[in-house]
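Input: one structure, supplied below.
Going by the order they are written in, the chains are A, B, C and D; count residues from 1 in each one.
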């Protein structure tokens, strides 16, 4: 079988460069072209010396990336993907969007949180939301895939089985999330300047982060109810990983065993989801550089609270890894192809 | 005025050594004796080379520490303070306990969470709980002071003004806390071995940590109601600092302005509490090496949730700093003496 | 072709567990048995939760590991490998020793630095030193391979081409090396307890480290002269990586171009050695989780000093990666098999 | 006695803000005015929230800072101090320059390494080099003080006693230095963006750093010979601290005892220099947030090499602390005033 030709638009950002790295290790895909506005004409390995002699491909234009490829991964600032997606649609190419432009079904909500418009509504109808563990069948064979955000992957992973089985209240859910710094992107900013972030820890965009409506959309689809949650992200002084500590009230009479059954049933066939043994808490370290999501469950009988904690690598399952998983689904490959990596233990 | 003679029992642990350091900078107190079971006969500066030529005092016995001192700070494993406290009581010396032995008013709760007994109930009656911002008048002049734990300082700091003024529901409160590693002590253990903690992040003792009943005791005293909370601690790969992100439901009709008024009123005279300007989130970095507690407030009108975030240095306001503050109160000194330190910005 | 059966003795240490991880990703090798004295009967994924569901193999005895395998990697404290090597020799199995027992040709030097004896001198004669870039032909097909230490890989990588071509003085060489913490092993010790190592930096075993004679042995073999160097290791507060900054006096009249020619010639065919473009300094980050060695060259015309800087991952090219490279050579596989990994850029 | 009025020009940079913090803790000095080009009109505590309610002073103009003060600390990009120094000279104010403009006695060398000119040569004649441990008498009472750089403090501290006593060769000295990131300043740049610096380690400006001639100037003044050294700086992923590992050849016949005698004699009266016990290596951690310099000594009898290792806090003895020490000398105060701080052990 001929290898899938891959183009990465926005290849010098963190998500883009990680997609390149993953494609280099994928047995059925081949990196054909990369583009970058900021670094056009420069070798990717000049931007990331880690890739020296391994990916010395030169950054070209977006046009070139589209022309040479069967699938285009776009890691662009929000608002810029719609035009590119339309072109791919016309040319019959698969488009996997790392940004937010196609994630929200409701244009109103998009406007409220992102400020833009849906210029081509028919195109938005075609887009599928690429969270395979919950929407796998919709994704298979599709050519316009909105790859979820990082928090918006981690939180549903922690809550869906309980919600789907009606074991927790849909109101009052709290998602206290902590992310590594790569989630904030490659551009140097004061707050992520090493001396200021090192040994620091703080919350940001408290109850005000753009991933809120996207998380709510997924949870609402699962529960069949319009849900609102309180979502508070924090910034960890580590490179990679998201830990989502999610709190919900158990419905009256729900037992711990019902909870565990729901999660076991949901996840037993999912290669990338590891339901941890009772008593063991998920740790971002254990999923580093992979597409795994570790899930751990606790109940607080003193207060009737359910605590579900998930861990992902924000650049893996939270971005590039999931994007490759979606590519595999789109092209009918084995879903885990190129992604069966063992996380380093240290 | 003659300087207060200070003895530190358990001086080679993190809390003990930090008390020594703070006393060295205190204008009205003098370090007279230190003790250590593990390092008896060794200079403190052999254990902590940072102190070389600045505190080369030799670790002696507990007896010596008591004999030479007006005030004894005890940083001992729980269960070991009661006898020492009794002796100090007999000899008219001030005893400030860094451990949990005198923190809980209810012996039953102590038994449940710590497993021990109150051997001298009259002595426990004499103990005061050393959280000056809420119980200052009780502490002044007292000679047996239970210094609060780190989480048990941070969480009430975030919640008390709202609770005291009846602005939040007393049920359903969640305290999602994150602590630096020094809180786990000096003893090398696998989980805090550098390669395993570095770049990691996880929860521990989920809804099961011993500080839970102590936090509940303080909140209940303030609210006048028996309260239960869900408390989940996490371990940060940084040395110092606790961030407590606390969630509560706003009572119906409560406005954001009422919240801010309550906190301004409570804290405007408190030197060590800095209520941050609206929109700015507390960060552990900004209180490093000091006795400050930064408090930041948010409301989520979408869900009616109140989010209060406090930051302390777990070794400062969460341990040694607060202990010195309590010593000042006990001896009638200016409460801030020796503690007016400016945190380093980086 | 049937896969090589692999056994790892001492699988729960850092080097051992990393070998397991690499073998899991090797297309022609299969992990058949692992052993551990400390964790016998326990799943490897209990020790390293990162491996959960990916390597849940149970630690057995050393005997089992040998019986089930064609090749045995031994990550044992020094002194313990000799007996095991003898058994493998008798049974015709390949033995790759991660420890120091077979690295030094001179028993006297071994005694001086390690304190032990060569119990079976004939066996030591059979051992080859597994630094493929310099001794490849000797290693091919051999069954008793002494895998070099981490510093002892990094320093020769920086110096050999200059030495081999007689471009630098053999006296007065200084190797100022800095290593990540995993090099110190998995056992928790005070100096590597997180709060004490974090934000610290120091030298250790100054001019007194056991890798000194091993480095000298390699340099002397290359130069044909008995050489002595000054070697000072430092401990970096990072997990992985060694940077070796090596200083030597240029011989009179030697030009920068001669230096570059020597390195280009030596390394142009070496997949795992990346000679960096002029002006770019090697960084441990760029070789993380791989078997690469980056080499960068500088001259100081003001003083006639040559500065060669190499970077390896101490767990990759400095331990497990090189061991797999040696296995490939021993079994006649492509030398890079299972090791063509792209280092993550962040 | 009235307090010294202090102005800080460039107060929002790392060195400037640290001077402010130190002055806030100084019993005989008072911060009267601060200036900043980038943050004029903004409170210092907006730039550094750690200072909230402790230093809310508003950044004004350079003019204001000069007018209100007896002593002006200038933390400016090089080239900008000369005019300001001239003004202070005219107005009889003390000027302590944190930059390089007055450090080098030779204008030719300044031109070669910095590219500028000495616009007022008479003024340069007045400047003294503020390394008190070696040039104390020159500094006392002077009003134009060039505060040394960080590396240029650390390296002489390690080498001067040996040089001064003729115990080491003056040729062939190597200074392999490692610095925390704050030395690179507050401006966010790609290389110090958290995800890229974290877990990294590299050399920079190899044998080419501007501190080279300044170190050579000090060593040459001490030895009485024109000296050249090889200086290679590295960047540590920690906030603060410089470790200087310095290598020199012992002169024939020199004993270890002679070395130790020279250092004991030189440093026994120096409060800020701690000559460590034999066998203990200096660690940047042990001088954090202070003006101390720890010095440790080793000899390698196998090669005749002397290894002297010093540790300072690059923001303390390497910048702000030494500047306050110089202020004390200039104004006839006790040299250690405001600087007797005990470094935190963790």
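Throughout what follows, a residue touches a chain if its C-beta (ideal position, glycine included) is under 8 Å from a C-beta of that chain, and two chains touch if they have at least 3 such contacts.
This is a predicted model, so every value here is computed, not measured.
Chemist: Supply the minimal count of touching-chain steps required to go from chain A to chain D.
Modeler: Steps on the shortest route: 1.
Chemist: Report back the single chain whose CA centre is most distant from the CA centre of chain A.
Modeler: The most remote chain is D.
Chemist: List the centre-to-centre spacing of chain A and chain C in whole Å, with centres computed as mean CA coordinates.
Modeler: Measuring from centre to centre gives 37 Å for this pair.
Chemist: How far is the middle of chain A from the middle of chain B, if each middle is the mean of its Cα atoms, in Å?
Modeler: Computed from C-alpha means, the inter-chain centre distance equals 39 Å.
Chemist: Provide the C-alpha centroid distance between chain B and chain C, rounded to the nearest whole angstrom.
Modeler: Chain centres of chain B and chain C, defined by C-alpha means, are spaced 46 Å apart.
Chemist: If you look at chain A, which of its residues touch at least two other chains?
Modeler: Answer for chain A, listing residues that touch two or more other chains: 14, 182, 195, 199, 237-240, 283, 285, 288, 346.
Chemist: Note which residues of chain D are touching chain C in the complex, please.
Modeler: For this pair, the touching residues of chain D are 171-172, 174, 176, 178, 195-196, 199-204, 206-207, 228-230, 232, 234, 236-241, 243, 245, 247, 249, 281-285, 288, 298-300, 302-303, 305, 307, 309, 311, 346.
Chemist: Tell me, which parts of chain B touch chain D in their complex?
Modeler: Per the touch definition, chain B meets chain D at residues 14, 17-18, 21, 24-25, 48-55, 182, 199, 239-240, 274, 276, 280, 283, 285-289, 294, 315, 341-346.
Chemist: Across the complex, what residues on chain D touch chain A?
Modeler: The touching residues are 14, 180-182, 186-190, 192-195, 197-199, 237-239.
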